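One chain, chain A, links the two complexes that follow: it is found with chain B in the first and with chain C in the second.
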Partner chain A sequence: MTTQNTPAPDRVADRKRRNAARIAGEVERELQSLRGREDRLAGYDYFLDLLAGGIHPGAVERRTGMPALNLLCIQAPLELIHAAGFLPFKIFSGSHAADALNAGGLPALTCPLLRSVQGLLQFEDSLARRPWVLPTTCDWIVKLPEMLRSTCPDAKMPDHWLELPHLKETDAGREHWRDEVFRLKKFLENASGRRIGRKDLARSIATYSRAWEALSRLEARRQAGAIPFVWFLALANTFFLDAPERWTASVDALIPTLPDNAGRKEGRIFFAGSPVYFPNFKLPRLIEEAGIAVTGDDLCSSGRIFPGGVSADAASEHELVAALAQRYHQGCLCPVFADNDRRVHNILAVAGNFSGVLFHVLKGCHPYDLESHSLENALKRQGLKFIRLETDYTAEDSRNLLTRLEAFRQTLGEA
Partner chain B sequence: MVITVRRLRTTAQYVSFIVLMYGGRFGVNLGSAVPCFACPFVRGCGGQCYLLGVQGVLGFGMNLESLTGAPLFSALGWVAVFIILTALLGKIWCGWVCPFGLVQDWFSLLRRKLGVRERMASEKTLRLLSPAKYILLGYIAVLPPLVTVGLLPSSFYLPFCNICPGKALLPLFTLDGEYVAVLYSTFWTALPAVTAITLVGMFFKDRFFCVFCPMLALIHLLKPVTAIRLLKDNDSCVGCGNCTRACPMGISGVSRERERFDVQFDSCLDCARCAESCPSDGALRLNWHRRTLFSSSRLYASRRFRKP
Partner chain C sequence: MTLGIGALRIGADLGSTAIKLVIYSGDALLWRGKAPTAPNQESIVRRLIAEGLSAIGAPEAEYRVVATGYGKKLYAGAVKTVDEISANALGLSRLSGGAARTIVNIGGQDSKVIRLSDTGRIVDFKMNDKCAAGTGRFFEQAARLLDVPLEDFVRLGGASTREVDINSTCVVFAESELVSLVAAGVGKEDIIRGLCASVARRTAGLLGRHFEEAVYLDGGPAVNSCLVAALEDELATEIHVLEAPQHTVACGAALSIPDSGI
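And now, the complex of A and B:
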């Protein structure tokens, strides 16, 4: 069975080369489109260069000299990974070319994001050579290694699982997660061969706090309409492509060069739901084309790319690790949690500042799909405009989406 | 230099420390009804802790003749002053003014510098200990009257001061060895033990003594008339627990609360560290009579943690 599915080594190498070229072409097309934009500022160039340098851990390692560690989702504390001497690298999961690599062996409605990751993990050697930490978030993530193994027996497997308790308000859930984070610390110490001390932790927490400060200032400017959604996404997506200090400095340098107030006040919406990853900026582009401005979002690939702001006045090693565990679990607004009403309340509280809410569902992304219905009802009760768009990484539905977005734009005008 | 809540609070703490500990030497006297540990046993203090006054009033039997006329009015006057001072500032007295609070903060600072883990800070322990301050307040309420009716010897006239670690520690700051020696010679045997426990306690636990402080209990009982409130917008709270971790009293209720608007729990010191570290815009607010003194914000919190 296994031998039957395994192609000859030279054919594998050939396929990898072709697929890498396909992904590189996709990245280049998206980059060309970003570079060609009229609203491009000199301050964006650093971020474009990061994307152009390759969206794989090999490029990051060359750039920073630090070993990279593969991640998916947002629950593994970045500070802890950084304190161990690794550079956290969140696997880019927006490539349609990588998605298309998965011809068979998957359920009909597999989340395109997961298909894309699966494609990359099979064909990107750069990912396969680095350790991989995986939190048990949604079913797709949990089943990813199993699906991967069935289609590609020698594919990269996670090196460490983080079991994420889906109850975050209970003591049992919180304690279990804290123990999981302490186990992650042990794993990282073994993998790096160095002990994570309290000074390392305090330094890394401060590093990410400064990055979060920069992101928060950027967020404030974005809410004022100074940064188009596509740019904000591109900037947030590059967070894992360089040392956080350099990314922070580049954001700090960009902020004063942003226009004071770009665009109209009306027709500004909040974007929630499934994440949007480079190079798949199809939906943000269509939103722009329809004349709608997104000035706030709740995406784990954008506004919530890392939680930041871990209160760390306590300075013992144990307390710092426990603080990180709490911040990344209790304060996590991923929809996979069972006791998740805080998330819905938070979105409702924020959405009041916008004309409407656009809810993005990747086809097959169950947690967001399920949530979209309860959120729709709650938002409409508040009298807010709501549109739910379900799509994937293909371009076929673009016209349809654009028509719906234009219609949505009309309703915003009336408001 | 940017004005932050933390800088304001620290400045207030040091100014209060100087005024309350040394004010008398410069002619400052804030009276006998100060709602914090402005220890009257500190020679040259600038005001007196009202717990002394409370014991004096309740132990009036020590000098029954003073129950009439001017002394009575004076005692009632100080009750009124205490209520007014408490109503105006609530537990700002604890978090921003109390000299013994500042001394405890120094011990916490030392622990942090040494990287030692805080103890006794679990939710369960703190819940278990939360009645302690009321029990001590009851002790103050019950013993002096027993002296009055002759059931206890007159040495129980000031039962709280006699076990108060503030009385043992704060006079040291007078730097008057002779005076301190005389003071120490009159101590109850219990006081050295209580002081030793407090010294160890405040190294391992933030604001250790505040957990037991009867003044905190007394101010909390007056909450209906105080102007300070800690308020929470439950819809904006993500539940990250930053507030609990920033809280010297380890209050978890602020983070856990899902319904109530008022989150000023009984061991709250109004220090506002929770609101300072809250990353959600407007989720926590410190109000003075409907006026917002400070409202949490992401940008503020983001600047709070950038130094290791």
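And now, the complex of A and C:
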């Protein structure tokens, strides 16, 4: 006869506290490492404080006074959500401790980002309170609600699916997406109890355009070698942790204080592939250790958190929503699209500014893994240096990665 | 022996299973030695240096050391460090007289494929990720399970009359497969041949279909002619192996020191 193990509630609570402490310790170690860097500027402190304040919607709500709306990925127009009175909060996690919490209950090759997000959500007590919008991007996102049922039984997610057509460059794909964005608008109006008018939209579009412009100015300084990749990532990762106006003002305040370091051209690379999220800055640190500078990226966690600006001058509310839909669809280079040649073309177009391209694959992130091969072929045909690094949130492969990065650095000097 | 100041160039390859050391005077290789990797790698390197200098009759000679390998930063006496891929490329290119275009290196816990230009520069490289499948560690594990010293793999593998199909090159999962084969009465010589073929298939996968000749194999397992033959069959090309293939990376480190110093 077998009996089911039902641990005592106090022991379950103890275990939860221990796990939360492990995650907090990981965050604190990375923060200490950032605070201790010689290239730390006073202007970085605002962003460090955001990371220290907790990566969860409750912290953001307390900071901004706005109700948060939980998101994953980058396809839902942020302006639309903001115009409805919500603060878009993109859930992310680079925590290995959170990743390890779920390892046993998921497929062996689960994307570590999604596994870590699921681990983190076990500590989020408001899953049922805040609305969720999920785009149907990769398989891991699509199956997330199903996978969460065992660990977060109270979660009633998503409240809204944003159905992403996997063909982008077709009329049918474009029309479908536009209809989806209009459906999202209706959902947001129902969830917030307020109608999204033209003025609301124009105001939110202007707010996010200013944020995008600030990021673009920062990007220009990065290309000149003025901001290390680790700091750029830390800044970009914080975008969803505060009101966009304050974040934008802080980026604008930082830019004039950045050193004028337009140094040598060698060893500068473009970083592409799977996203990198705090506190997992393993790979960026190893890249630095190998003597390589990342001066451009197309990560959805960094250089591509915005698809670009949208003009708020359109005459009608309908035109503004349609313009947002078009911008987010055409500007999105997620590898889940079947017709994603634009991504390769974009990288090829800027590749001349770099000595080489590093492609990061999170083990289990199949769309990026698959796309890495066509990009590798296209770049090598042009005689460009390319390295593909597959890794996860563990530290055990650090020496192996460093060896490859050091050798890659040597080849860059010969480009 | 009388040697001028800075005349000796020493390459130390601090690998995951062995520390290899070579001593050069100019372009002449004077000595090579190795020791199993163990804690306190700094002292092992110092011991090897003393042993080598003594062997060439120049215990007081001045020298400069370049360290490479996973433990390269553990030897504080190095004038510089160089990554093992670059050291491998330089060493094998020079030792092969510029003939090598493709290097296959099977180390203690990783495998690498390096493509060289006609001037010996790295064109491209690939390295297995953190899994140690199909590396020297796999052969060590197989030797333990079969109770056969690694040195006997060549003799036994060469005596095999049939190749046994072995699916796993994983250090962990190979155990159950090998135990099952032994229990089924399959001869150790046939199992060893199967192991070599299995590693050759995995290595060929890393290399891909397009590679330029001449192809050189180095690293510890390269002394196993059974593995070399299996790799030749798998790639349908001749595989070159230099004398002391475990030392080519250390040679590259030594040769990265300019004759006139750093």
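Here is the rule we go by: the second predicted complex is superposed on the first by the 384 of 415 C-alpha atoms of A that agree within 3 Å, B and C clash if a C-alpha of one lies under 4 Å from a C-alpha of the other, contacts with A are read in each partner's own complex, and residues count from 1 in each chain.
By our rule, a residue touches a chain if its C-beta (ideal position, glycine included) is under 8 Å from a C-beta of that chain, and two chains touch if they have at least 3 such contacts.
The shown structure was predicted, so the numbers you read here are calculated from the model rather than taken from an experiment.
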item: Which superposed partner A:S311 touches (first chain B, second chain C, both, neither); value: first
item: First (chain B), second (chain C), both or neither touched by A:P158; value: neither
item: Touching partner for A:I205 - first (chain B), second (chain C), both, neither; value: first
item: Chain B versus chain C as contact partner of A:P275, first or second or both or neither; value: neither
item: Chain B versus chain C as contact partner of A:A349, first or second or both or neither; value: first
item: Partner chain(s) touched by A:N400 [first = chain B, second = chain C, both, neither]; value: second
item: A:T411 touches, of chain B and chain C: first, second, both or neither?; value: second
item: Contacts of A:E390 with chain B and chain C, given as first, second, both or neither; value: second
item: Residues on chain A engaged by chain B in the complex (per definition of touch); value: 168-169, 198-199, 202-203, 205-206, 209-210, 212-213, 216-217, 219-220, 307-319, 323, 326-327, 330-331, 333, 342, 345-346, 348-350
item: Residue ranges of chain B in contact with chain A within the complex; value: 112-113, 115-118, 233-243, 245-246, 255-256, 273, 277, 279-280, 298-299, 301-308
item: In the complex with chain C, residue positions of chain A that touch it; value: 380, 390-391, 396-397, 399-400, 403-404, 406-407, 410-411, 414
item: Chain A-facing residues of chain C, complex; value: 70, 83-86, 110, 121-125, 127, 129-130
